[in-house]
Amino acid sequence: MPLFDLPLDELTAYRSPRPEPADFDEFWAATLAETSAHPLDVVVETHELALTAVEASHVWFAGYGGQPVHGLFLRPSPAVVAGPLPVVVQFLGYGDGTGSPLDWLGLPAAGFATLVMDTRGQGARARRGGATGDHDGSRSPHVEGFLTKGVLDRADYYYRRVFADAVRAVECAAQLDRVDAARLAVAGTSQGGGIALAAAALADGVRAAVVNVPFLCHYSRAVDVTASEPYAELLRFLRTHRARAEDALATLDYFDGVNFAGRASAPALFSVALMDDVCPPSTVYAAHNAYAGPTRLEIYPYNEHEGGGIPQDELTIAWLRDHLAVPTARAAN
Amino acid sequence: MPLFDLPLDELTAYRSPRPEPADFDEFWAATLAETSAHPLDVVVETHELALTAVEASHVWFAGYGGQPVHGLFLRPSPAVVAGPLPVVVQFLGYGDGTGSPLDWLGLPAAGFATLVMDTRGQGARARRGGATGDHDGSRSPHVEGFLTKGVLDRADYYYRRVFADAVRAVECAAQLDRVDAARLAVAGTSQGGGIALAAAALADGVRAAVVNVPFLCHYSRAVDVTASEPYAELLRFLRTHRARAEDALATLDYFDGVNFAGRASAPALFSVALMDDVCPPSTVYAAHNAYAGPTRLEIYPYNEHEGGGIPQDELTIAWLRDHLAVPTARAAN
Amino acid sequence: MPLFDLPLDELTAYRSPRPEPADFDEFWAATLAETSAHPLDVVVETHELALTAVEASHVWFAGYGGQPVHGLFLRPSPAVVAGPLPVVVQFLGYGDGTGSPLDWLGLPAAGFATLVMDTRGQGARARRGGATGDHDGSRSPHVEGFLTKGVLDRADYYYRRVFADAVRAVECAAQLDRVDAARLAVAGTSQGGGIALAAAALADGVRAAVVNVPFLCHYSRAVDVTASEPYAELLRFLRTHRARAEDALATLDYFDGVNFAGRASAPALFSVALMDDVCPPSTVYAAHNAYAGPTRLEIYPYNEHEGGGIPQDELTIAWLRDHLAVPTARAAN
Amino acid sequence: MPLFDLPLDELTAYRSPRPEPADFDEFWAATLAETSAHPLDVVVETHELALTAVEASHVWFAGYGGQPVHGLFLRPSPAVVAGPLPVVVQFLGYGDGTGSPLDWLGLPAAGFATLVMDTRGQGARARRGGATGDHDGSRSPHVEGFLTKGVLDRADYYYRRVFADAVRAVECAAQLDRVDAARLAVAGTSQGGGIALAAAALADGVRAAVVNVPFLCHYSRAVDVTASEPYAELLRFLRTHRARAEDALATLDYFDGVNFAGRASAPALFSVALMDDVCPPSTVYAAHNAYAGPTRLEIYPYNEHEGGGIPQDELTIAWLRDHLAVPTARAAN
Amino acid sequence: MPLFDLPLDELTAYRSPRPEPADFDEFWAATLAETSAHPLDVVVETHELALTAVEASHVWFAGYGGQPVHGLFLRPSPAVVAGPLPVVVQFLGYGDGTGSPLDWLGLPAAGFATLVMDTRGQGARARRGGATGDHDGSRSPHVEGFLTKGVLDRADYYYRRVFADAVRAVECAAQLDRVDAARLAVAGTSQGGGIALAAAALADGVRAAVVNVPFLCHYSRAVDVTASEPYAELLRFLRTHRARAEDALATLDYFDGVNFAGRASAPALFSVALMDDVCPPSTVYAAHNAYAGPTRLEIYPYNEHEGGGIPQDELTIAWLRDHLAVPTARAAN
Amino acid sequence: MPLFDLPLDELTAYRSPRPEPADFDEFWAATLAETSAHPLDVVVETHELALTAVEASHVWFAGYGGQPVHGLFLRPSPAVVAGPLPVVVQFLGYGDGTGSPLDWLGLPAAGFATLVMDTRGQGARARRGGATGDHDGSRSPHVEGFLTKGVLDRADYYYRRVFADAVRAVECAAQLDRVDAARLAVAGTSQGGGIALAAAALADGVRAAVVNVPFLCHYSRAVDVTASEPYAELLRFLRTHRARAEDALATLDYFDGVNFAGRASAPALFSVALMDDVCPPSTVYAAHNAYAGPTRLEIYPYNEHEGGGIPQDELTIAWLRDHLAVPTARAAN
């Protein structure tokens, strides 16, 4: 895929033309209030893979509807860092699951605690398995994917549950042992980036946000400029339910990263790839350009959806150290 | 796709090597008893597309868990056939929805009533939209498709709900106006064929079954010989949850068309396509060869999953007339 | 395929820049005169599939060069509609054949008679088989497809014969039993839409035209904006016979839906799909915007060549009832 | 494509199981008699591309039905070879045309005259354009390709005309200026190899035959083991006209290279590629193993349909020199 | 890709039919002697990404021809493990580079030191960049890939240099600070597995080997059963240089994992995926079944080349702890 | 691929925005001086394929670094043309090899001598094998292809060696027997066109240049507008070595056909195909529009990378005859 979206100078100034729903804040306030009615019910259990330099645990907490959501919680061994730890709550890409502690060693090796949250119902078709089911919410027809699950009714829409889970994951992370709740960040790539945007807007106490090539932003633009998965799931729905297209898009307005961006204030590190046909650059810029807090944007001119890859992860560690006041390893040793 | 499965002489004798679960019948008896606890709650509403030679209605009935399931009900106009009508309950292919009466005119034009049942949650990515949601049942992770929804727990598995819906559709059809319940058949192609097999085994009063290139038969063989959708959904699950492969296959034993075939006794018209990589011929033969009632098998040596197409539909009309004692048009006019 | 053609506001105003041939009308007058020299020789034979609510027949008539062309003729049973019937002459998509009466029940179920015409030589690679051969006309080399058959000589070009057949099909339909020739429409989708445009311009007595996502319009634009089949056949020809490109395009000017549109005056229902790479929207708009009669245009913003699908068929029935003065079913019953 | 057909030891012994038609010889005797009724009408015209070491001409002769068939005729310049020249009649691959003298310099550079025959109606979608049309013969429906043109009627089948043309090309070549008719060979690759087999069986005076990876052999096996073009055209026909499959295969028996092989006696050089999914090795072996004259078979174990390529062309020159008694260049100079 | 290779019972007993070269050991003795003539020249430099729980360094050592080869060296922080560390030398998949320490945290987190070796010249097209060039060795033509670089001359063949590098990497690892050279293993996946096999056979002091879905085994079988990359590179070479096929295969005999397997005696953990079209199961079994030391083989029946993925990595940690006498984390803390 | 690059009117005026390196001329002067230090060492050997009308030889000469480079040398037989011959030095497309004299008969048949040069290291994956290796030059990582071999260091970059070879091929051709060095042209298609541009700029005595759909022009534009091979190799490098993208592009400035074009003065025949996604038209126009000598540009509006094909070859012969004062065949005979 060569360049296919707007030229860079237009991207820089691009804003979503879609108005946000008048009752956006009411909708989310009600959703979170409903979720808060359930106790958080945190359960922590040592992971069966006994590592040496890193402590790994399973965590469960009560998400949307009080349903148990699974996470992995990793920390550097106390021999390495004695004091309270900054913590990063991580969200997953589409179809991914929490998998193994071996998948999440970067941040704990760098001196952070991290909680990785399962995306309910996902984790069955990719490299990593998930361990969290999804209740209810399939009351209207959907393509196979989660993107259209309940898309005709905002109360029933799949990502309502996921974003509520994400807020609860932040609450959970703040309570975990050895964590310094005053130094908490959210982070994610692709779908994870979209969830991180929602969490940055909806959760209390988020001090920094890492948003890589985010999915779930500016849906109406996405389906006009790409037919790649997973936005293609929405496209298939719109092609089948021709008469309900605007209804579906109206639901999605309540779940648009562009609208969350305007409500988030923590410093944010964004990345965008200019040849990304999975999360097209104009949809990423629409979210970035609406972001209410300070941002840094890394641009990868030749990459597709792999974006900045591991180099962006290295940069993320440095950026998080700056924003969460983490001493460098050299100082730590 | 050229020939890729067993040679024809081996197909003719092929039997699934997989034993059936000891409590298969108990499982289904309990499922149907649970479903029967809900009243059927049939609602009929004239369809907004006013046809002339055919009467079309929306129907809703209470399916698994008492949830409303949508169907389309079509009959030849009373001016054409005055007396009670034989009725065919039709089930849909994977991802399909009931759509419009225009999609289902063949049987009513030929003098049959027909009830076409939505497959819960489907009907969002294909030619025809559906109108029925799916409750609950996503308690373990799943690939995007329905085939793995709840596949680690037979009580939670998606097709438990669908097959229960199908039994209720048969009950519903028998009660509809102008229908002669003593002349009732089930029919379907691909997923619809698999559902028809289940209905033929589980429902009372089925006098004939039409099973074209059925899906949902002999899963363990399917994933060994094809990587085409939708069996590929199962393959992706097995590739991700490596340690749970046998658990998933054990669930599927309760939903295997081979096992239903051994419990069905109504005369059945099967069709198979020898180059079908979607529903491989060995999985179709495994069901056909296990069928407990009399069968006729149409073999399409060069076709892929399109199978016999419209010519098979023409043959189906003739076969159903024979088995449901329908006078031919000539006689009717 | 996401959006790839002109933006909607440019489509709305888009006109083909290509001038029409000075002797366009002479060419077609001569062609039709030559065809009229053959007697129509209509033969009707009851179809072997004896339906109940619908009467189906095979029809043959003498098309271009006097060659027999096959059609299917369907009517609601006289028990349903007693009086003379409005009639719709239908033309087929590329590669399609008349197939079975089961394929054409929508209009007769709604109270119309319909004649479906085979496209000579087609009907051998798709869902439906055809039953009409093509004589002569291969005097210059051609890619496998019909689109380039004889394309270097307008007298020998394949669609000269097809469009002449279409005019004869209209004449034939008007003479068929129980038909009210004063209420006659033409209809088609894709290639069928292109043929319907030609018939609307060339045949007498057409009262309405249904033109869905038409093929055979604005060829020179088509090969610049899409490489999808079947316009790709023309592209292959132009790539091989580099020195004859303008000759081929000059032939096609005599067969361009844009030029027929300017000569048709019956009310027309058009549809266009904005992501249609088979019949690109700019080529459809070029025909629509040139249409000489009143039009209604349905726009499907997310669809590819499937266009409006069955929902468009439902709308077509309503529109045809309005334009051919058909009482609704409710009134009819 | 890795190995997909029979293992080599089974190929070596493989024979087509299909019986030949009882009236095969009568059919071809009648066809050739009918063709012979037309005078050959050879026309030669110097080619507009004035080469230096090679003389190139256009040739036309009357083929099947007396229709003009185009060829290219090339000879080494008289300054190079003074005496009469051995001649090779070459036939083309599917979709190919005679193109330019630049395409056919190998044999004249090596001291041979050569006549390259257009395959009627082909030459519009590939590297080389053709210049010969095809009359009539489209009396039954066909997929876009030539392979199914008239396939339901052996008298009307496309290759009846092509093979008759090929016999006429041999007659024509023998009469051309500077040619030694006693040293005449036929040659071709893919479709050209299939035509060469027919010419070797049907034409008089063929002293050697070169048959590379031939098409048009053992059709029923081909459609069972490959779905690649152009056998896929036949597959599409069989899939559409399900009830006419055996009729089509029965027509093809009259055009099967296996049956021509049993009637050819000139020494033949064959080549086969074991990973060839276009002309599967078992179909090539079926023809080779049935060949009635002496053969040499070159086996390319790793190649697909490109077969032996230019190295096989080099070998062909040496082999033809041996079999047509051509002095080597060294001797010639 | 469904099952495509031999059935499991045949795989279990499968042996390569290809004899090994008589001078195999002489060839490698000479190669290693030539390499040993260069001093090892180890250079260690702290990595610029300052981690906390893990120490990361760049390493360079002199490989084949004395050329500098880059590696990454990671150890748990001394605060975590005080004593000498078992060490695992890791080799990379085809096209991969050493990338970042973030890519290699699993083993150090589990208490191992690890040295990851660049594969010379690779690391430019995948997720991870490499930092090591390849000198010379392109003396005969090659497809773009490394697999055919110099394949017509065993002295010049690319993997001669790579395997010599691998032996030097083992020597280098044994000398690195905090390493216990008596507890050294080699490990790799795909190409890395093939290199690990060579290192296990050629290097001194290897106590355990991990060989996942290995590439570079039984080349002649590979090109018969798969056309997937990167064996396809060899296939392209064989298809172009038809006359040199056996020469190329004869070179490859000196680099065949099957032959190295017969010379390795350390306990080995193998894994194979039965639907792996990149490194077909029969080629993996051929190496496994020839292995001279004790083996454990993990079979993944539904996986393609992703094989056992992270679950296999977890198992590897446990297996290496057993075989290198590593206390578990619980004991360590 | 339909039209995808700039519209024709913008192409006509298009210039590369990239400045050329200040030391471009110094770089190439030094490279050629270094190459000239090696004696040319021409070796000629009669080709084993003894043709009749054409004389064919193998040629070796010392290229960059003094390494032997292979070529094929063909001339019309002395019986055909007695006097000194104009000569065309031909360069090859990407991955191609010199193959056989049978591949290169067009120019000698038309009265020219021709020397075809192997592209070092290529000729292993396509129709034609090569016979020339590539020394050194892999000092930085590269994707499999030649396009990125050494791309981080202009002294080590692969095409430095190739373009130096090309200059030497011109010197060699001028010395060959029967050649008239005052009538020398260079020619090539795709990669060969790019090399011809470099030779036209760098070599002495070039009287005409033929540059068809050239590769190796305006790299930075190419990777923005196409993801097709082989520019995709560069794209993969840029995607992996994100931080080195500008370094790679800076190297390529020394090898950009646009910069060579500005230094070439011989009359040139260019061709461009407007749907060419391999060598996009804007990159070809950038070179053409920068060309310092007189040009003729053939535009193929519908073609992809096949460009003008054989018709362009015919035109080339006529154009070369004009520019190298070759009498036409008619006069010659």
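Letters A, B, C, D, E and F mark the chains in the order given here, with residues in each chain numbered from 1 onward.
Simple rule for what comes next: a contact is a pair of C-beta atoms (placed from the backbone, for glycine too) under 8 Å apart; a residue touches a chain by one contact, two chains touch by 3 or more.
Just so you know, these numbers come straight off a predicted model, no measurement behind them.
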Exercise. Starting at subunit B, how many touch steps does it take at minimum to reach subunit E?
Worked result: 1
Exercise. What chains touch subunit C and also subunit F?
Worked result: A, D
Exercise. Given the pairs E-F, C-D or B-E, which one repeats the contacts seen at D-E for over half of the pairs?
Worked result: B-E
Problem set entry | Which of A-E and B-D has more C-beta pairs touching across its chains | A-E
Exercise. Relative to subunit D, which chain has the most distant C-alpha mean position?
Worked result: A
Problem set entry | Length of the line joining the C-alpha centres of subunit A and subunit B, rounded to whole Å | 39
Exercise. For subunit C and subunit E, what's the span in angstrom between their mean Cα positions?
Worked result: 63
Problem set entry | Chain centre separation (subunit A, subunit C; CA means) in Å | 51
Exercise. Mind pulling the subunit E residues that touch 2 or more other chains?
Worked result: 127-128, 306, 309, 311
Seminar exercise, completed: Full set of chain pairs in contact is A-B, A-C, A-E, A-F, B-C, B-D, B-E, C-D, C-F, D-E, D-F, E-F
For this session: Within their complex, state which residues of subunit B touch subunit A.
Result: 95, 97, 121-146, 148, 233, 236-237, 240-241
For this session: Report the residues of subunit A in contact with subunit E in the complex, numbered from low to high.
Result: 49-54, 76-77, 79-81, 99-103, 105-106, 108-111, 127-128, 306, 309-311, 313-314, 317, 328-330, 332-333
Seminar exercise, completed: The subunit B residues in contact with subunit D across the complex are 1-3, 275, 300-304, 306, 308-309, 311
Exercise. Which of the residues in subunit E end up touching subunit D in this complex?
Worked result: 223-227, 235, 238-239, 242-243, 245
